[in-house]
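Chain lettering (A, B, C and D) follows the sequence in which the chains are written, and residue indices restart at 1 in each chain.
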Amino acid sequence: MQHITKIFPRIVANDDISFQLRKGEIHALLGENGAGKSTLMSVLFGLYVPDGGRILVKGKEEKISDPHEANRLGIGMVHQHFKLVQVFTALENIVLGVETTRGGVLQMDEAREKVDALSKQYGLLVDLDKKIEDMTVGMQQRVEILKMLYRESEILVFDEPTAVLTPQEIDELIKIIKELAAEGKSIIFISHKLDEIQQVANRCTILRKGKFIATVNVAEATNEQLSEMMVGRKVMLQVEKDEPRVGEVALHVEDLVIKAPGLSERNKVNHVSFDVRKGEIVSIAGIENNGQHEVVMALTGLMPVNSGKISLNGEDITDWSVRKRNYKHISHIPEDRHKHGLILDFDLANNFILQSYFTEKFCNHGFLNSHSIQNYSTELIKQYDIRSAKGPDTIVKSMSGGNQQKAILAREMDRTHDLLIAVQPTRGLDVGAIEYIHKQLVRERDNGKAILLISLELDEVMNVSDRILVMFNGEIVANVFPKDVSERDLGLYMLGSKVGV
Amino acid sequence: ATAAASAEEAAPAAASETTGGGEIALLISAAGTLDDRAFNQGCWNGVKEFGDENGLSYMYYQPVEDTVEAQVTLCDTAVKAGAKFIIINSDQFKVAASKMITAYPDVTFIIFDTVPIDDDGNQVLTPNVLAIQFAEQQSTFLAGYAAVKDGYRKLGFMGGMAVPAVVRFGYGFVWGIETACKELGLDDVEIMYNYSGDFKPTPENQARAASWFQGGTEIIHVAAGPMGASVFAAAEQNNGVVIGVDSDQSAESPTIITSAIKDLETVTYNSLKAWKDGTFDGGKIVLYTAKENGVALASMKFKNFTQAEYDDLYQRLADDVDGISSAIPTDTDYESPDQIPLTCAKLTYVE
Amino acid sequence: MDTITFIFHQMLNFSIPLLIVALGGMFSSRCGIINIGLDGIMIIGALASFMFIRYAEGYISSQTLLLLAILVSIVSGMIFSLLHAFASINLKANQIISGQALNMIAPAFSVFVARLFIGDSIISFKNTFMIEEIPFLSQIPVLGDLLFKNIYLTTYLGLLVLWASHFVLYKTRFGLRLRACGEYPQAPDSVGIDVQKIRYIGVLISGGLSGLGGLVFVLPNSTNFNGTVSGYGFLALAVMILGQWQPSKIFFASLFFGTLKTMSAIYSGIPFFNTLGIPGNYYKLMPYLITVIVLILGPKSLAGPKAEGLPFEKGMS
Amino acid sequence: MKKLISKILNNDAFGNTLASLISIFLGLIVGLVVMVIFNRAGAWPGFLVMLQGGFSDGARGIGQVLYYTTPLILVGLAVGFSFQTGLFNIGVIGQFTIAAYVAIIIGGKLSMPASIHWIVALIGASLAGVIWAAVPGLLKAYFRVSEIISCIMMNYIALYLVNQLVHDTHYESTTAMSAYVKKTALMPKMGLDTIFPGSTVNSGLFIAIIMAILVYILLYKTSFGYSLRCCGLNRDASKYAGINETRNIIIVMLISGFIAGLAGGILYLSAITKNYKISELFINEPGYSIPVALLGMSHPIGIIFSSLFIAYIIVGGSLMQGYGFPVETVGIITAVLIYFSAFSLIFKNKVNKFALQFSYKESQKTDSFKNE
């Protein structure tokens, strides 16, 4: 790819970027949120038409006008946001676009054989008849990989494939990627995680704010160097924090049970009890879909519980409404910032008052006080360094993921609360942003707040928390201090192969 | 390419200054349709015939809604566009009409089925207007009588809505049946009677008629404009026969054995002719009955009932022999059809 | 013909057009375009096919004429629905307003065109299309009376459309792609499927079927077409939702609704109901009232195709 | 100067208006083409008359435009308001019809002094609209029934019920319409009859405009409106924020029904001869609700203007009859205009894009634009 330029309204997402992928190599692409990585790949994949530059495949200049063309040239992509139809089965998703048919009628059996063979070859076990909506994210990713392999792609692009995986899954993915490269496939690997890049990549290209910075041999660069190139300054990769000054119990969960929607399945949350004290960060680790999601939903009131008790500062809040919990009690950084966290079509100011629009601060006798809302927003934007084009009036949809997350963080931190629940607060963010968010969490802890952190990333769990709970199959299978366990052990707890409450 | 334009072709000179308007204007109600296979169409046919023969342009107008203000605006539009003779064919215009006729004394008006009234409900009849009414009950009297004479014993009446003209059609039909029944001394004659509530051809109306035929009804008289089509369709599928209404509908379906008509076409034509000839005699109400040849049965296809019998009956009606025509009940006589005192035929009123 | 057979045949008059048009609506929804212009398209389909019948009447045998008229109705419905496709797919216009515009254009257009060509806004036709009896098949007990006597070709066509819809939607490549476009167009787009093309085809199918529905609706119920289909396009929309966007359920929904409409229309032919003296309007509103009650009691799934009504921009995440 | 232009260009309201104007303009061009096809000779003068709309008929014409505008504003508001909060109240027709009946019955049967009669009738009408809208609202909130389907059903129920009730209670059999309402129940003119003599415009216009402003304030200035818009834009986030969606759905439907009811009441209390016609067809006016709402971008103030526009075309279109265009052609042309109004969104995007590019170029010149 030579001199690629892509301009969006208000932003030059790719500014004269040149990038070379060798056959059989694993080439990492590194850059802050909004640096232009996804955009560059979308250009390669024919989703965007570049405003300048050209693409050469095997030395020949190609006009890639749509993904079909990309497929034809042997380019396959696992998108950051999976391109899977939720109500389709894995098999249907895999064959979509390259279906085997006879006279227009689907011949699924032939496709099934081929996919079966592929999944055996690469150890990508997937239940082909399961619907995507019933799958874990890791499983969905396997479907995406099978999709590429099924199309016999030679150039494989992975856009942040590890952001949603457990360590074990990441290990497996890395193994698969290496295997693919060994077979002669060329791979582009996008990640914010330097360790992974060290582990997997041969070379690494770094982008910053839409511009090309450098391409380096990974073996010759340290993590510190990489992150400095990426952010443009030194970054603390380790969270700095003092010993916690733990206070009394803030959150007390007792014998919580949440049944699965179907009748036959076992409980989603099975008699779970735990405490979180003031001034400590407790994290719940676990592979996705082991009940953490439901616990959070129950704590925040978004899902009814079947039995059990939740109390906050000694008060039973099990039957409280969402609003009552929100108001001066619980802050919640949600897992899915687009679904729950933000109203994308509102501007920043309106998003800041999402839970508190009716409070005296922003509202007199039912009327919104736009003056105080505006002031408040300006203040938050300044305090949390949220970058946006038009300040409080920026439509949130137009902001980068990292800044959207910052906006949520700002809102939740600033609201009065006894308990902060942070679910995957750094998902998909760059190191600079992660550092910032971790610092804020620790600061909040030091202010004596109770913090419950739910994360799939062991790094984060080990680094940030004061105490770790591990959930497996709807139960808490471990309650340990980070200094007492290794990442390996945690992984084993998460897989249910070890119990240690 | 409109009707007016085609008139222009016939008489380019006459229409040139009005760019499309018509010297003869037909005003119909907002809810009506021009080709309704009934009164509007009959009227329009008369207009077309006269206009084409005499090289006069013509146009029809419909208000945005049936309020006096909108109707008066419509009349202004028509006059501005060159209308010299205006036919108002809707009883919805009765209040607006009083304002129109006084505002435009130089324009000639005829108004069907109603009489202009002012805001306080008093009749207004200026010399430039003729209010024309028909004895609808006489035409259906003929139909009911003929049907029974022809051998039908189970008859049905389907009206659109219980508006006066439709009610007169219905009552006349019932009375015609009753009269023939008495004359023949029958005791097995049954009548189904219903107002469907609308004038549209819909599956519902088709199904209702079909269910009547299915239930033994042999012949249905439908007095509901476009809705007739549904009854014809039902008749075609269920071996029934139908009596049409307003104008000769025999072309619509082979199942139509006759139509009970009020001759709007001729009356319109004649009024226009009188206006053209300078013999227009306004300022009054005219009632067209059998005597004035205002009503009739068209295209009779009876098995037993003969033309001679028809002619004889028609003459008796025209002359009101033994009070035969004055005995026919009209809309003002009874509130609902089941109140009509029948000694011979049996009537089931489906509400 | 006994009462049951009679009611069954009347029911078909209501249900078959509803079925066909609701299936049409389904194809559009399933590819992600909401089409509330069904009513207007029905009118255009009926207009074109009855104009055709009127001109061709008498030259060819009636069943051939009907077959050709069916083609005309489908093609004209497709052409008219292009207006909607163009607005909602190419121009990413609001799909509800564009559909509603079709509903507003159609009746006026129909009256106008009819008057222009035949000098009459009402298009009369000779209904010679009913098949009185199909040899042999009509001898089958019960079924023979129900399905092979006094029946219209279009009834079989309705059942054929039902089967074909099911087959196309679930068994063919096109169906798979169509459903993908209605659920999450980003997915087919990312594998090089032309979402716009699929959506065009989806809307065209809905147009073709609605056009056909217009013909099927008018044929057994009238001897002329006067520029309206009495809001049946909207009822078809309701049937589609009631049938949860699935051919088999749409089938039952249309039978259900058709039966209710039949009962409410023919009560006056049944002596028992006559003696009750309940005004006709109450019978008329019954089907709608019962549907509301069924909606409350019945199984519910609001979930239509997820991307329905949302314009799709290529390459957007 | 350039800065100012850039600022104007980037202004949302300006963009919306410009987009609507462009689509209207294109619609008119196509309308003219259609007219030429229909009737070459009358096309241009007829077109001019349509363009002049109410103005070509003097004060009465303007008055009539305002009169037709009145119910359009309200039905447009009812739909637009529901749109903004994520619901599609296609049941405006039914709510309007049932309200019309209540207004007619209170206005025609009860005797009251003039100063309160119309008010009581209006209140009754609005309440009827509220009740009718409550059904789909409750069904949606508590039984998860799609409001589209229940609204369609409620529309038909209203139609047949009102047809019967009018027939049974307040009927003029000679016209198959409802009987007159009493003079005391007519909407007061408040001087409008002297400004616009010969037209039907009345104080309902003020009520409609006030309602639009109230809805604007409710939606954009109050905390309740904020919560409604949240529900409309992101249901999950509203739940997360603790907003009671169930309650909001019901309240939105009730308010929407109230406005639709008001429309029905005002229209049928406008003139002594404005009576309810028994028919299998739905009343005309609410049929415009969707185009009005969408042409006005569902914004209360936008809806005032889109209603004015459509009313203007209705009046102008009716006057076109004098130029050889029968009502059907007027219907086609109105529909073409509405079809084109559906494109306003794409023009809006184009305008926005242009505005952005403009300011981007400007800022590059002054070098004040920075990435992020």
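FYI, a residue touches a chain if its C-beta (ideal position, glycine included) is under 8 Å from a C-beta of that chain, and two chains touch if they have at least 3 such contacts.
What you see is a predicted model, and the numbers here were worked out from it, not measured in a lab.
Asker: Please state whether B-C or A-C has more C-beta contact pairs across its interface.
Answerer: Higher C-beta contact count between the two pairs: B-C.
Asker: Distance from the CA centroid of chain B to that of chain D, rounded to the nearest Å?
Answerer: Chain centroid spacing, chain B to chain D, equals 38 Å.
Asker: Could you give the separation in Å between the centres of chain A and chain C, each centre being the mean of its C-alpha atoms?
Answerer: Taking the average C-alpha coordinate of chain A and of chain C, the gap between them is 46 Å.
Asker: Take the average of all CA coordinates in chain A, do the same for chain B, and state the distance between these two points in whole angstrom.
Answerer: Going by mean C-alpha positions, chain A sits 76 Å from chain B.
Asker: Check each residue of chain B and list the ones that touch at least two other chains.
Answerer: Within chain B, residues 1, 3, 34, 197, 200, 202 contact more than one other chain.
Asker: Of all the residues in chain D, which ones touch at least 2 other chains?
Answerer: Residues 38, 163, 280, 326-327, 329.
Asker: So which bits of chain A are touching at least two other chains?
Answerer: In chain A, nothing touches at least two other chains.
Asker: Which of the chains touch, listed as pairs?
Answerer: Listed by label, chains in contact pair as A-C, A-D, B-C, B-D, C-D.
Asker: In the complex of these two chains, what residues of chain B are touching chain C?
Answerer: Going through chain B, the ones touching chain C are 1, 3, 33-35, 37, 192, 194, 196-197, 200-208, 210-212, 214-215, 226, 229-230, 232-233, 236-237, 251-254, 348, 350-351.
Asker: Give every residue of chain B touching chain D within the complex, in rising order.
Answerer: My answer: residues 1-5, 8, 18-21, 31, 34, 59-70, 72-74, 76-78, 80-81, 91-92, 95-96, 114, 161-164, 167, 197-198, 200, 202, 331.
Asker: Quick one: which bits of chain D touch chain A in the complex? Just the residue numbers, please.
Answerer: Per the stated touch rule, the residues are 221-224, 226-227, 229-230, 233-234, 236-237, 239-244, 353, 356-357, 360, 371-372.
Asker: Under the definition above, what is the set of chain D residues touching chain C in their complex?
Answerer: The contact residues of chain D facing chain C are 38, 88, 135, 139, 143-146, 148-150, 152-154, 156-157, 159-161, 163-164, 167-168, 280, 282, 287, 290-291, 294-295, 326-332, 334-336, 338-339, 341-343, 345-346, 349.
Asker: Spell out the part of chain A that touches chain C in their complex, as residue ranges.
Answerer: The touching residues are 38, 42, 45-48, 66-71, 77, 79-81, 83-88, 92-93, 95-99, 101, 104-106, 147, 151.
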